[in-house]
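The following blocks contain the structures, represented as structure tokens.
In what comes next, chain A is part of two complexes: it sits with chain B in the first one and with chain C in the second one.
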Partner chain A sequence: MKTIFSIAATTVGEAIRRKVLLVILLIGLLFLVVAPALNILTARQERTVLVGLTLGVIQLTSALIAIMLTVYMVPNEIERRTIYTILSKPVQRWQFLVGKYLGAVAALGMMIGFMTIVLLITFALSQNERHLANLAPLIKAPVMNFFQMSLLSAVALMFSTFVSPLVNIFLSSGIYMLGTLFSPLFQTLVEAPSVNNVTKLFARIIHFVLPNFSNFNVQNPLINPGQVLVDERLYFITTIGYAFLYIGILLVTAVLIFDRREV
Partner chain B sequence: MAEFGWVWLKGTEGNQSDGRDSQAPSKSSNPQPYPAAPYRYTSPRIHTAPCTGTLLGGAPTLGAAIETRKLTKSYKRPGGVTNVVDGIDLHVEEGEIFGFLGPNGAGKTTTIKILLGIIYQTAGEAFVLDKEVGDTAIHHLISYLPEKPYYYEHMTGMEILKFYASLFGIKDEAKCQSLLEKVNLASDGHKTISQYSKGMQQRIGLAQSLLNDPKLLFLDEPTGGLDPIAHIEIRDLILQFREEGKTVFISSHELSDVERICDRVAIINKGKIEKQGRLEDLLAGGRYEITADVSEDFSSKIKEADTHVSWKNGRLIVDMPDSISPNAIVEGVLGAKGSILSVIPRRKRLEDLFVETVRNVQP
Partner chain C sequence: MINRKALFGAIAGLAVVQGALSQNVIFPRWRQNYSTDSPNIAGGLAPDQMLVALAGFREMIAGILWVRADSFFDSGNYDAILPIIRLVTVLDPKQIDVYSTGMWHIAYNFTDEESRSDRRYVPTALALGSEGARQNKETYELFFETGWLWYHKIDDNYGKAVYWWEQAQKRPDILPARQNILAMAYQRNGQIQKGLEHYFSQYDKAAAIAKVQEDFGAFQQRDVNENNIDTMIVRMGQRGVLGPASKTSNMGVPYDIDPPFDVGFSAQLSVISPRVIRVRATWNVRPVGTRIRMILRDSDYPNAVPGGLNWDFSNNVQLDPPRDRTFMQDQLFVRNQRSERKIDMSRDPTMYPFTSKDYTVEFYYNPRSAPPHIQDKFGWSGEGMTDKNFLNTTIRPGQRVVYTTLKLTREQILRTGQWRDKVPVIQTKNFELTENFRNNDQAIKIPGLRGTTPNPGDQRTQSLRDP
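== the complex of A and B ==
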């Protein structure tokens, strides 16, 4: 475990110094700070718009960070030959890969955490919400967003063991978009009487294989107070469990591929 | 008394012979018109234990730090299968500095990567410290310094050492400090790698490769691109490793370094080992230049094969292969009441051997 944590700690150190990630984070933070001013562009309820906008900014920013952070992680180690000095030590390939992943997730967590703090400050100042009880529900969305991005990082890491970073950016982004948008579409497809059975079967396979990123989007009850989750606790536990299971499968797949790969 | 070249050893003839003397033509088989000479050739090189390895298959040879048998690495390319490493048999003894030479793309780094277990061979066997490659247990006993290594630039020299030490489960900060001192970075341990010069980065690389006190070091171009001072420092460190009993496997294009520090070398070209052996043996075939003050009619008595005789400023100059003992000519000169002014061995250089080997193989 010590080996994995050493690799993870080094990965965090590298990640939080990568300029491209810091620029993305900075832009995200800037949007969070100026979001209250954008309310004048809409006629809807000010708080509703602000919640939707800021949580959307966090989701988009963290998705960009997750992809840009993970797709280059292993290829960079190979290109710069750092991997040779590590793998020539008593380090197994799976330890290296898991260490890199945990480092990426930790860095991602720090960045999402930072955005969440800025989000809370923005709400406290612009909405005059000084009581923690009013602000606390907002934290649920970034927490679930963190698990969503951890899953996205695992997808990108798995692809990074056998495709180039550029291809990986498109693949991971594509899967993230499909995984976010396909679930609502799937319900429509399955319930529509005009769609034939082959298409429905195909849709079911895609729905089963693709990671369901839309499960992690819990903004709706925050934006529309009328919508509530029947059993919020159970929903959160099962969704986080789903993330762990899927991440586990993706990491095992990545290790199996990486173990056979010539670096 | 000089340790290298020709020295006069009066009265010692016959009771101190080395391999070179024994290869010289004997008087009985090749009668010479000159009397025996009271001198012999002494080698400047410290001889290591002779190679005892055999390549018979099965278990690795005892005492071998590295052994490969018909090691092959193939890649599928558009034109067919290419053997990057083509059935090589390497044998590196424990405690020696072994030079692994070859032009770019010859298969040196691929071979090292196979020996480190970073990539896998297509065919053949490879053993490192008596264990088959791929066994990570041997990684506790070996280390690797890659060509142009990169270290995390945000970390300080000390942090880099602590990071690599943690991969061995070593928590000894004093050890990291002593290694910084060993590579002359004690006062720079707090600086980040981005502040290090190329030579300093190479030295921190060597320091990280010594964390586990390895028995075997793989060094890929350890002096490549360094300034002369850094170059000498790294070379001296490598010589120090031998004194500490470590085996060093060096891949380098710096042939003068290899010639100076290596005990044995192998030259690989297009994936095949073209030459392998002790430097003395591989560089045999040099020449002697004898300058003598003797009467002109003496030259007609010189009958050795491949021997060139010329006169310069009234002095006789004999250029002859070192496979023939120059004793006879020296004795002849002395017998003719002449005097020997110099006997200079002109050794074949590794660069000559390398160029000759590689050019002979090129299509």
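== the complex of A and C ==
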């Protein structure tokens, strides 16, 4: 365990020092700060747009960070040959991978946490909201976003064990988009009477296999309040459980692939 | 060394568990709690629009698009607004204004050169309203707006208006003044007693509020309902709904609806030039206010029913109406017991493509849509109206309507083939070109209310006939 945490801590340090990630984070933060001013562009209630926009910024920024952070982790170690130093010590390959993953998730958590703090400050100032209890529901979205991005990182890490970073960027982004978009499409396909049963079965299989990133998108009731939510706590627990399960699958797959890989 | 077999087994086990959890537990709850529930995204949007619709910043983009649509309204570029409405409603289905404005725009703003609406769009407007109501169940607005389309634009299937307005009534945010109109829908749907009960219930609520609030709005709502009740009771008395069923009031005079009055409908249609028709009709009722619905449509127009369409046949918001189909609806306004109208469809070939071979011309008069002074004689369901040739009691169960059809061919409408140099004239067998048409007197002859007949009941009946 100590080995894993050592690798994780090193990974967090590397992540914080990577300029590209800091630039993405900075742009995200900038958008969060200027978001209240963008309301003038739209004909919608100010708070609705602000919630939608800021949560969207956090989601997009953290997705970019998750992908850019993870795709280079293993290939960089191989390219710089630092992996030989690590693996020559009493470190198993699986420990290396898990440590790397946990480090990436920790760094991601820090960045999402930082954006969430800025989000709350922006709301407190722009909406003149002084009571934390009124702002607290907003935190639900970034929390679920963190688990979503942890899943995305696992996808990217798994691919990084056998494809180049550039290919991995496209692959992970593609899986993320598909996993985000497929649930609404699946809903449409399943409910449409004109769609034949073969297509419906095909859609069901894809929905079964794909990581369903849309499960973690819980921002709609925050954007349009007043909706009655059923078993919200249970939903959060099962969805987080789902994230752990899928991350487990991806990490085990990554370990199996990486174990056979010649480095 | 890792145990590969065990790990493969673990992957398989975890995969099954995650799939079952996702599909059976998480997805149904996500759909209920967090999905935007945009229906028919796949069918209604292009792939690029779909991507935008499902990505982040939906409300922001929707708001910007709606501002853009406003400029199209200003410039009269109505076609450009349609896809924006669809995209905005998919992006942000909680934007109620877009649904209500969009419905109105689709149903009312696409018109020909003579301001006739393109009725082919009405199902789209209804589907949009229905979708909006589904997306915004917590507010009355789109239930009310959809009901209004049925009540005012379609102006026929009032049971649908009742349904939507009853749904609107169940929402706590409905404005008091908007609750009153449900009574009118009940009346037009033939539920007279229910209409009166609704007014009474409205009055009770308004009176209770007025006692507490004591402001102008509360008093006004109470007084309006009191007045509505008075008017309705009078009308029920005049139309024979109250009192004995002997068709005679307790004053010994017949109710206004008895005996049924023969409206003497007849019609003639001439194609005076390609795609231009002249319609003449007779209607023996002297007071102004009669509008006879006239429809010229493809004989095999999809979902057509006598006097209209199954307007809500689809829940799909199809922005493109059936462009190869023709459906023209107009009204023949009667004055001096006749109607004469020229309908020019030559300037709007996209609205009236005339691609089919055969066409049906329908004439339809339903007393439920008539103004109150006509209904005082004809009753709510046509009890006081008859027509020896065209009275129909089957196409609208429980109602007595006037309905007949004529047939036209494409060659006749376009004046091609054997009709190139001839004026096609089709008419009901009882049509006569009387002196009344030849005089073409535009001054409206209104019968006097001060007759010399001693019996006031007789006088009212008489006043509908000859001067």
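Everything below uses one rule, namely that the second predicted complex is superposed on the first by the 262 of 263 C-alpha atoms of A that agree within 3 Å, B and C clash if a C-alpha of one lies under 4 Å from a C-alpha of the other, contacts with A are read in each partner's own complex, and residues count from 1 in each chain.
Quick note on the criterion: a residue touches a chain if its C-beta (ideal position, glycine included) is under 8 Å from a C-beta of that chain, and two chains touch if they have at least 3 such contacts.
Given the structure is predicted, the values throughout are model-derived calculations rather than measurements.
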{"item": "Superposed partners chain B and chain C on chain A - clash or fit", "value": "fit"}
{"item": "Which superposed partner A:V198 touches (first chain B, second chain C, both, neither)", "value": "neither"}
{"item": "Chain touching more of chain A, residue-wise (chain B, chain C)", "value": "C"}
{"item": "Partner chain(s) touched by A:E262 [first = chain B, second = chain C, both, neither]", "value": "first"}
{"item": "Which superposed partner A:A37 touches (first chain B, second chain C, both, neither)", "value": "neither"}
{"item": "Touching partner for A:Y84 - first (chain B), second (chain C), both, neither", "value": "first"}
{"item": "Chain B versus chain C as contact partner of A:T10, first or second or both or neither", "value": "first"}
{"item": "Touching partner for A:M1 - first (chain B), second (chain C), both, neither", "value": "neither"}
{"item": "Shortest span in Å between Cα atoms of chain B and of chain C, once chain A is used as the common reference", "value": "8"}
{"item": "Where chain A meets both chain C and chain B, residue numbers", "value": "none"}
{"item": "Complex interface listing, chain B residues touching chain A", "value": "113, 116-120, 136-137, 139-140, 142-152, 154-155, 163-164, 166-169, 205, 208-209, 212, 218"}
{"item": "Of all residues in chain A, those that touch chain C in their complex", "value": "38, 41-44, 48-49, 51-53, 55-57, 59-60, 94, 177, 180-181, 183-189, 191-192, 204, 207-209, 212, 214-215, 217-221, 223-224, 226-227, 229-232, 234-235, 238-239, 241-242, 245-246, 248-249, 252-253, 255-256, 259"}
{"item": "Residues on chain C engaged by chain A in the complex (per definition of touch)", "value": "2, 4, 7-8, 10-11, 14-15, 17-19, 21-23, 25-27, 29-43, 50-51, 54-60, 62-64, 66-67, 70, 92, 94-95, 97, 138"}
{"item": "Chain B partner contacts - residues on chain A that touch it in the complex", "value": "2-3, 6-7, 10, 13-14, 17, 80-92, 262-263"}
